[in-house]
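Two complexes are shown next, each including subunit A; its partner changes from subunit B in the first to subunit C in the second.
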Partner chain A sequence: MELLKKYPKLFQWLFLLIVFFALCFAIDVPETYKFIRGQAEFIKDPNQSTYILFGKEVRYYAFDNFWRLPPLLGWLPIWINDGLFFLLNEWMPMEFWDSATQEYKTRPLVLQISRNITAFMTFLIELIREILLGGVETIVAFTSWNFVSAYPWAKLPGLPWTIVAAGAAILAYKLSGKGLAIFAALVMIYISVFGQWKPSMQTLSFILVAAPLSFIFGLSLGVMAYKSKRVEKALYPILLVMQTMPQYAVLVPAMVLFGIGDHAAVIITMVVAIPPMILLTLIGLRGVSPEVIEAGKMSGCSNWQLLTEVLIPTARRDILIGVNQVIMVCFSMAVISAFIGAKGLGWNLLLALNQLNIGLALEAGLCISLIAILLDKMSLAWANKQTDYFGNLTFYQRYKNTIFFGGAVLIGAILAIFGSFFFKEGFNYLYEVPHNKGISTADFWNKGVDWIFDTFFVYIKAFNTWLITEVLQPMRALYLRMPAVATLVLVVGAGYIIGGIRSAFTVGGLTLFIALSPWWDRALVTTYMATFGVIISCTIGFIVGTLCQQNKYTTNFMLGVCDIFQTFPSFVYLIPVMMLFGVTDTSVLIAVIVYATIPATRYTIEGLRSVPAALHDAATMSGVTKLQRLFKIEFPLAFPHMMLGLNQTIVFALFMVIIGAFIGTEDLGQYILKALSDKAGGGKGLVLGICVAFIGLIFDNLIRTWVEKRKKHLGID
Partner chain B sequence: MLEKKYFNKLKELSEPTRELFGLVSITVFVILSFAILNIYWGGGDELIRKMKIEEKRIAEEKKLNEVISSLPSGIVVFYDGSKHYKLSKEQYEAVCKITKLIPQRAIMAAHFLNHKAYELYTINGNKIDDTFVKWDKDKNKCFAGYTVSGSNVGVNETANVYGEVLSFLSTGIDTRVYFIKNF
Partner chain C sequence: MSDAVIKCESVYKIFGANAKKMLQEANGNVDAKTFQENGCIVGVNNASFEVSKGEMLVVMGLSGSGKSTLLRCISRLTDATGGKIYIEGQDLLSLKDKELIELRRNKMGMVFQSFALLPHKTVLENIAFPLQIKGIETEKSINKAMDMVKLVGLDGRENYFPRELSGGQQQRVGIARSLAVEPDIWFLDEPFSALDPLIRKEMQDEFLRLQEKLKKTIMFITHDFDEALKLADRIAIMKDGIIEQLDTPAKIVLNPATEYVKKFTEEVPREKVLIIEDVMDAPTSENLSDLKVSKDEIIENVAEKILSQEKSVGVTDENNKIVGTVHPSKIIHTVFGGRKESS
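Our next item is the complex of A and B:
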């Protein structure tokens, strides 16, 4: 009894583990289980049982429920699909004017709305593309093709690459100074010279529509949530799920509503980019001190003035970091949305990966990464820039950047005209380097890949075989061997020990949702892959982070590396691993490890940095060694922060595992990918996405609850 | 009164004991919920029994499919024919078991010796009622047959055609009866 009082948690964990393993050993794997798992989920097998709920028939294999629960939520994807179909094809038919046929037509309201949104988005994208690349689509939207044929001057040329490059460099100089300006110029020159101008501008045009719209919606919803508790409460579950929802999963229902193409990509990107904007707006507005608000009110501000003149300017930094996040999400979506036909670098990258042309993929991937890094640095510089309200500047000082840009436009235009006379073979390289006419290193990289394969094939294959047969397959088998009841007892018990009854029910509910869906086994496979990645990532991240934190320079270096790596769109990570390991599970797992190591390293460094300097001094004065200080003081105090890193690592790992479906895993991601090409895949994709989000949320809930308790215990809250 | 007494007793317990008690309760609750669910939705043994049969059937089908894929495309026979591939005894049995189709060519050939069946067949638009291909365990032979029925000058008649199958047509995807020896 004394022991129980002394180590209560230890006994609770011990009890839980004993029950878990007892259940695992007590419940046998059904004899034909492997065979049944081999059958597809939705085949019409007469041996399946059926039930009807809400008018939908669900077929399933009736196992012993202790082993696997029946898919009682199997009706949900069917119901969502039917709901979408009903909304699009039957709900509220109304008369709408069709300008093409000049008569009224009856159409369902949602279909008409989705068509109008589609037309608006397409118009915006075309408009920006015409500015950057030239064209007549937007002019035609206002006039007609006949008008354009009659007046050739209406065919506006796009901006020459020299002007865009100069504009980017001048903007970077204004925001951050020489360093960023040089980087911006180099990036733009690289894009042009390597013949990636057109796809880059296509990607940029789609981001230039998605990012501002996401910003406007995110900011508005953030302000509304700040003003009204009800709105905040309504938004909270959506924000929570969207944080851990794989971006793939959003593609499917959006595709049903808006079809395929750039416009659908913009809408999906907005869906994914708005939640971080809302969160950061909310954090920024909450951070405004009451004194500032009071001062605003005392000055006689109206509600609108208080918002626009006091609250938003004070929360400017957080809001601009939100803009930064929006841009980053837009870039990661640039590749993913290529799955539904968005043009640009993402499309080229996807095509190259499909053809296993690593060289081309690398070129496109590098372009996306460079533009992402550039925009990341520029938006962060914008967030951190302080406006000099009191500077007494001359006209030149005030407008020098505008003057320089004007000069650049003039010089660029002259160069482009000059180029049209100089280059005789039909391509004006001073206007735009065509896609296949620039320098290409694809052959070099492809030969490099061949060389790596020829030279290291034996070793790579041996490592691959060892990893798959000795580590991955046994681990996978262990996960699949867990009976549903044992898993639920473990999760609910862990929730209870960590956060009490409330936490137990929350994580239990989330697990139950997955267990009652038709994809429990796939969820276990996803969890196994993510777990493997997280274990390795955390080990590397904690060690590297701890080692780097010992020195100021290595700390800054490592944080810089993390910054750059975090900017890369997740898809880019697949390129080097496919180069080395081909199309295997190992590739996915290595990509998961590389991607998920970033937050593990970053949070370890930041956690160790957050330990107060006074404690360091106190420890040194007490005569402890460096190692003792690390293990007795720094680690215990930094551990809650490091655990938040673990949380992020899990989310990153889950995202990458889902993206890894592109290579060919057999987890939830693969089913999401399949749903993309399924006519009735909207519901399936959404429910699968929710399942992945819930896996993330289970860990999120457990870790956050533990961290809060631990922080309170340590008095560092 | 009794409830209050027990409630007070519970309250008197130390925090760690109460927590452990809570954990035990929640574990029991989860397991019991599964047990209740099992009553309504569980199908354990029944499913295994059914699926064992299914597994066996699929395994057999797979085995037979392997036999088919090992056969050359074209006519395969179970007699000493110099022109065609000769089936072994095992192959003959396997092919017989997996064959389901009796094509029109085989039917027309069988009709040479069955005039009644031929008449019914042509009068009623080349319709066949039932077909079968089965392995006769006792005779160790493959038999195939079909029934033709219909109106023959106002009279409803039926003709059964039945005979030994010694040659099949292998298409690479499936096998079909090539010739029915109905004499």
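Our next item is the complex of A and C:
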């Protein structure tokens, strides 16, 4: 009884676990149950049950309701899909002027809007692309195809790679200094010499459209949310879901609305990149001290001046993190949107992975990562730039960079023209090194992979088999063995113990949504893979983070490593693991672990760093050993912050599990991937995405509630 | 009253949803308790006073007394719930946004407790900020800001960022910024509270030196009674949103109006605050000693001389005319017996 009073929570947990396991044992696996590999609606099976709701027929395998809940939400994807279809093709037909045929045409409103957006995006992308690579589309946009075919000179020539490289270096020099300039030049030369110029510039043009647009929209919406409670309340649930929604899942509905191609990719990228930008803008603006705002007002700022001169610059630290995120998401999406036909490095990467040509994939992946790091550094430098008021600059000093760029253009152009005489046959290497005509290391890598594979095949295979049969299969079976009711009880109970009735309702509702969707089994597999990844990631991250934190240099080094790794688009992680483990679950899980270890490590370090120095000193003065201090003082105090890291780790792991569908998994991700090629995939993709997002949100809610309580208890911020 | 630069007539500031309605119903009789029961918090309660040109009014009160709220009502950073505020005869509360901005751009400057500098701008840019907001061209505003940098003694640090400066230096930037547009009215919200005692004293002296030169109309907020005594022409002591007493430092020390005010005055070394004029008696025909003192002398400075006399000492004004007398016993009384007398 004493114990019970001392640790009431402990007994609540014990009780919950007892109930959970009792339910697990009490509810038998139905004899007819098996893991279904196909989607219910495509299986013609007389054993299936059906029901009709809102005029939609839903087919499913019925089990005892304690074992698996019937998919009462099965109509939702179909309904959403039909809704999208209706909006696009039938809703609000109106007369629109068609400039191509010079007459009015009747078209549904949404279709017209989507066409206009599409045309605008396409124009922007083509403009930048043709400045970099040359072409006629931009001129066509202002004139017509006839005009272009009549006058062969009407063509944007495109910049020789030498000019672009010099321009990038000069810009980097202007923004930051020699270091970045050299880096920029090296990246550009690398890209060119290795024959990745064209796809790289395609990707770059896509990013140069998507990133600024996402930034502008995110910032404006963030400001609006800051100014108006109502806007914030309306945005909040969307922000929350989008945070944990896998990027994949947005592809499908966007494809329905905007078709395939670069423009659709830009729109999807914006959808994914804007929410974090909004959130960080909001956090930043909220953090501006009221006195600074008052100081701005007393300086006589108008509302606009207050916003642009005081609020946004003062909040720039968080806004910059937002910009950073936008750039990361853009690169990540640059690869993923290859699935809906975006051109560029992503496309090449995907193609190479599909052919299991690891060397080629590696080269494309490296290019993307290098450009990502470069843009990331440049955007940071741009935001931190200052003006010098007192340098009495000469004309030369003031316009140095412009002069140099002018010179570079001239020299580049001359070189390109010269090159056109020099390389009479074949390709003008001084203008553009064509794809596959540069130096390629692909063979080297492929041979390397082959060698590793040949040499270590036995060990890799043995490890792989051991992991799959001894660890993964049993774990997966355990997850699938949980009756739906027991899972619900476990989740709701955990919610109640951690956060009271409110939390219990929230997480219960989220779980129920997944349980009533047609994909409960799949969701369990996703969860199992994510859990496995998270456990390993956290262990590694925790140990590495703790060790590195003992020393200032290793700390900074590790944070730097995390920064760089985070810059890699998520897809790139699949390359090395496929290299070693081929197309298996092990590959996916290792990618998950590598990817999710980044936040785990980072938050461990930051958590330990956030322990106040005074406490540190106080502990040392009380004569504790280093280890005692770590366990008695630092870990307990850093724990809440580390738990936020766990939160991020889960989100990262979920993302990677879903992307892992590309390698081949049997979870929600697989269906999302399938929905891409499914005629009625829009609704399915969206609901599947929501399911994944909800898995993330369940953990998110539990962890956040716990952290807040714990922080209050410890009296930190 | 045309020379009143700032004039407040029964200013109220009440926070809460139905503040305006409740204030009307209260009919000028605001009781903080009843308001609180209805979910309203009274920030400023019936404040009426004037500040004339070149005068420094120090508003003194502990935290939560409403002193900062009062200042924000007068600078219209927050809108007063009731009452009238006139700035140079202009009805502040009826100003449109544009007019308010104009007023702030040209007439008002404000210094903040936590400095409120813009972290992304250098010292120079911070100081030039109000000028640039006004639309003054870069070169001109930078030159003007440079003058300000010199005025507050920060030359050589104009390209530093606020984070690279000490607290005292940061507040110098804050002061320079608030003075850049050459305002007539200067608001200071606990400008020295966040500074170390030594720096604080230094800044107070510097501030007095500046004011000597600039002669601004000032509202100065502080929670430090000593600071108020040192700087003020007049002091307003606030408690729970009510101005308990508004008078010259000497009169407050000599005649505290309420128990609350008295608590502050008890600890004050009077000889450092009072001048001869405050304690002198009317001129009489009795024999005076040879010594004469000016009526504006602080008691501490002349006490020793007076105490060495046996007879009353004559008090003279600027024209060397005798306007009163001080008996040595009066000095002893003031310095040592004051507390008992007033209790």
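Brief remarks on what is shown
Please note the rule applied: the second predicted complex is superposed on the first by the 680 of 717 C-alpha atoms of A that agree within 3 Å, B and C clash if a C-alpha of one lies under 4 Å from a C-alpha of the other, contacts with A are read in each partner's own complex, and residues count from 1 in each chain.
As a convention for this text, contacts are C-beta pairs under 8 Å (C-beta built on N, C-alpha and C of every residue); 3 or more make two chains touch, one makes a residue touch a chain.
Since this is a predicted model, take the numbers as computed values, not measurements.
In the superposition on chain A, A:Leu488 makes contact with subunit B only, while subunit C stays out of contact range. Subunit A has more of its residues touched by B than by the other of subunit B and subunit C.
When both complexes are overlaid on chain A, the residue A:Glu294 reaches subunit C alone and has no touch with subunit B. Within the superposed three-chain model, A:Lys5 lies in touch with subunit B and out of touch with subunit C [touch as defined at top]. Touch criterion met: A:Ser302 reaches subunit C, while subunit B stays clear of it. Of the two partner chains, subunit C is the only one touched by A:Pro313; subunit B is not.
Using the contact criterion defined above for the overlaid structures, shared-chain residue A:Phe147 touches neither subunit B nor subunit C, since it reaches no partner. Once the two complexes are overlaid on chain A, none of the subunit A residues touched by subunit B in the first is touched by subunit C in the second. The part of subunit C that touches subunit A in the complex is made up of residues 72, 75, 77, 97, 101-102, 104-106, 108-110, 112-122, 124, 129-130, 133-134, 138, 142, 159, 174, 177-178, 181, 187.
Partner subunit C is touched in their complex by these residues of subunit A: 289, 291-292, 294-302, 305, 309-310, 313-314, 316, 386, 389-390. Of all the residues in subunit B, the ones that touch subunit A in their complex are 14-17, 19-20, 22-24, 26-27, 30-31, 34-35, 37-38, 41-44, 46-48, 50-52, 54-55, 58. Only residues 4-5, 8, 11-12, 15-16, 19, 23, 30-32, 35-36, 45, 47, 49, 61-67, 69-70, 72, 484-485, 488-489, 492-493, 496-497, 501, 504, 508 of subunit A touch subunit B when the two sit together in their complex.
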